[in-house]
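Chain lettering (A, B and C) follows the sequence in which the chains are written, and residue indices restart at 1 in each chain.
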Amino acid sequence: MTIKLILAVLVAVVALVAPFLLYPFLLMKMMCLALVAASFNLLFGFGGMLSFGHAAFIGSAAYLTSYAAKVLHLDPMLSILLGVATAALIGLAFGMVAIRRRGIQFAMITLALSQLVYFVLLQAPFTHGEDGLQDVPRGMLFGIVSLQNSINMYYFILGTAVLAMAAIYRLVNSPFGQILIAIRDNEAKATSLGYNIHRYKLGLLVFAAAIAGLGGALKALLFQIATLNDATYIASTEVVIVAVIGGLGTMSGPVLGASAIILLDWLFAEVEFPVMVVNGLVFMACVLMFRQGIAGGIDGIKSHWNVLAKRVANV
Amino acid sequence: MTDPLPLSVENLHGWYGDSHVLHGLSLSVAEGETVALLGRNGVGKTTLLRSIVGLLPKRKGAISIWGTDVRAVPIHRIARLGVGYVPEERGIYTSLTVYENLVLPPVLSDFGMSTSDIFALFPNLEERRNSLGGRLSGGEQQMLAIARILHAGARLILLDEPTEGLAPVIVQKIGEVILLLKKKGVSILIAEQNLHFASRIADRFYLIDAGKVTRVIGRSEFGATRQLVESTLGV
Amino acid sequence: MIDPSLQALVSQIFLGLVNGSIYALLSVGLTVIFGLLRIVNFVHGAQYMVGAFLSYILLIEFGIGFWWSLLLSPLIVSAVSAVIERVMISRLYNIDHVYGLLFTLGLTLVTEGVFRYCFGSAGRAYVVPPSLSGTVDLGFVVFPRYRLFVVLASIIICFATWLVIEKTRAGSYLRAANENPDLLRVFGVNVPLLLTATYGFGAALAAVAGTLAAPIYQVGPFMGGTILIVVFAIVVIGGMGSIKGTIVASYLLGVTEALTKIAFPQASSMAVFVIMAAVLVLRPEGLFGRNE
């Protein structure tokens, strides 16, 4: 128990000090990616609903947040809330159409619906099509703190991300979460117990969409741009890859996966060989052999370590 | 040096997941012999048959068919040894016609009956030859399940509760078919709860309880031990 | 003298049939693979793209023309795909079928990435084979000969596939394996081989679609992505698992998409998805699907 506490404190200290040791931009990029991966992980790893449509949540939030910040000159907090609300609404719309479908069908439908959102965003006048929304101001948080400053922005994103992860943790361990587990394991039984399973699943979808929207909104302010790239099916597949590589069904998976992908992107930035291929190969290896992802790998090492430690102690 | 037995099972243990279902079963079927497995629901008769044809992944013990150890043989090669399987649920394909179902199992030997001979034996199947398998009655499905094994020319036939839930006239028909097979020298292993039916066709009886063989009875002893048999079956 | 707007309408419908032809070939391949292997072959779009690229490479590097490509390209793609199925995909059958989808997703990334690395993102032109160039004049309307060929080829291939699966002995093995593969193995049929062959066949269909599409669309590393999503939507509309349904839905939606282009040009690319959403709400099992 104390080891966990020490570890937690260590992580907190590292998180607070990190922007002075590593590139803050990369760290912030990682946190945004971790948020959307956490959203996917919550929906699939926990809720059993495979979504290939996360780009719709991310892209719409990015655009609405950028629009609010750039054109409406809203406080960054309000802009982000607008983005999150948009993503949640789109999640609701997806759910109304698709929630009764299961597994692979649900995945294919979310993919197609997300493409629909892409086309809407492509044609909507306020998005400026291929150009995207550029020069989005990060603004002054509550009118006081300038987010243009990297360090300020870092702590803002850190705080928001931690709050979001805490919310996910609360949800997973709440009665609502328990019911979702029951539904995931045996829908028929849950229905016979009187639960309106579709309503619960829809609730989870909307919540997850909001989290993904938060990731997209923060990313828009971070990069100060919103483009169609955030709304393509490629963006959706990136989310899947990060979550799987990190480790599905774990709280640390999204962070580990996002870190790994950002690291790989950074390593291959100067090299000609496409990082897409590397990511794809790592992903394939995970699906075939390391289904627990990095998080599972760490667990594996921990248990091996424990076994070794016991042996040494018994000698 | 004796010829290898059509079927020899020694000390077979089997698991469904973590559940230990078969506890060291041993039995054999001699050439041309009809052997019956008697026992209540759930004692492991179906599991035993399934493990012989290779459908039970977790198992230990020796299973050999005409001398070949089938534990290392891929499932689709086991049939090639001359084995035909009629599962309890019959396994008639609903999206295939009666005719397609009939000729589906690959022919294993020259011993297979021609379709015309089979239709002569089962005229009502010929009537329904173009109907989809799903539209057949239980009795028709059972006859089709047996017919397709006859078409394939199996020399060792495993039957799982063929008479279950069927009308007496159909049970009668099945009995006739089995006696016909016996005359041809086919070896048969049949799991049955219908004591009367089993007593008319089998040469030897294995009483099964809780995944083990509790007693082996020859045909001649059957009358004398009938009470024991009935109590084992819970009749 | 035929009314020019009627002529335009017929031309547009024909264009829709051409697109629908490519959709049909792709959706049949997906459906056949899904019906038997129970995985959504996400790499289908990449197999289509590789099919088109092979045609291009065969022509540019080796001077091998269209007709040979129509034979070689599917052969190569299906051989490689069959090996991948044997060695890697088959390991995923015993666990949740979602992993098959995920694995083929990874395969897509690798394939598209490699092709982008080798050939760049820009699309390349593949010239219409000379034997099929020019137009066919039907009196009241004129069709490009090549596109007419594509429509006919697609109809023939799709129909032949349906015929083989539904009406032949070989097809009965496929239908049986869809329903109860274990019993089929016990009967002595090498079901794992059947799975590999089926996967190879589905991949071949994708490659044929790519080869046929090369002269019509540009050949680029990402040509498979957007068309795959449309085909997914079509498969959902037609009803997953129904070959007849998916063929009909493909042509129908190709034509609908084309007609939408006349009426609401900006909405044409969205038409298929909107229809999919509507079908899901009104008839969730698809137009021809069976209720699970």
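Observations on the model:
FYI, contacts are C-beta pairs under 8 Å (C-beta built on N, C-alpha and C of every residue); 3 or more make two chains touch, one makes a residue touch a chain.
Owing to the predicted nature of the structure, the values given are computational and were not obtained by experimental measurement.
Separation of chain A from chain B in touch steps, taking the shortest path, is 2.
The chain pair sharing the most C-beta contacts is A-C. The innermost chain, defined by the distance from its C-alpha mean to the mean of all protein C-alpha atoms, is C. The chain with its C-alpha centre at the largest distance from the centre of chain C is B.
Rounded to whole angstrom units, the spacing between the C-alpha centres of chain A and chain B is 55.
Centres computed as Cα averages put chain B at a distance of 44 Å from chain C. Averaged C-alpha coordinates put the centre of chain A at 32 Å from the centre of chain C.
Chain B meets chain C in the complex at residues 53-55, 75-80, 85, 87, 91, 93-96, 100, 103-106, 108, 152. In the complex of the two chains, the chain C residues touching chain A come out as 40, 88, 91-92, 95, 97-99, 101-103, 105-110, 112-114, 116-117, 225-226, 229-230, 232-233, 235-236, 240, 266, 269-270, 272-274, 276-277, 280-281, 284. Listing the residues of chain A that touch chain C in their complex gives 50, 96-98, 100-101, 103-105, 107-109, 111-113, 115-116, 119-120, 123, 233-234, 237, 240-241, 244, 272-274, 276-277, 279-281, 283-284, 287-288, 291. Contacts from chain C toward chain B in the complex involve residues 169, 172-173, 175-176, 178-180, 182-191.
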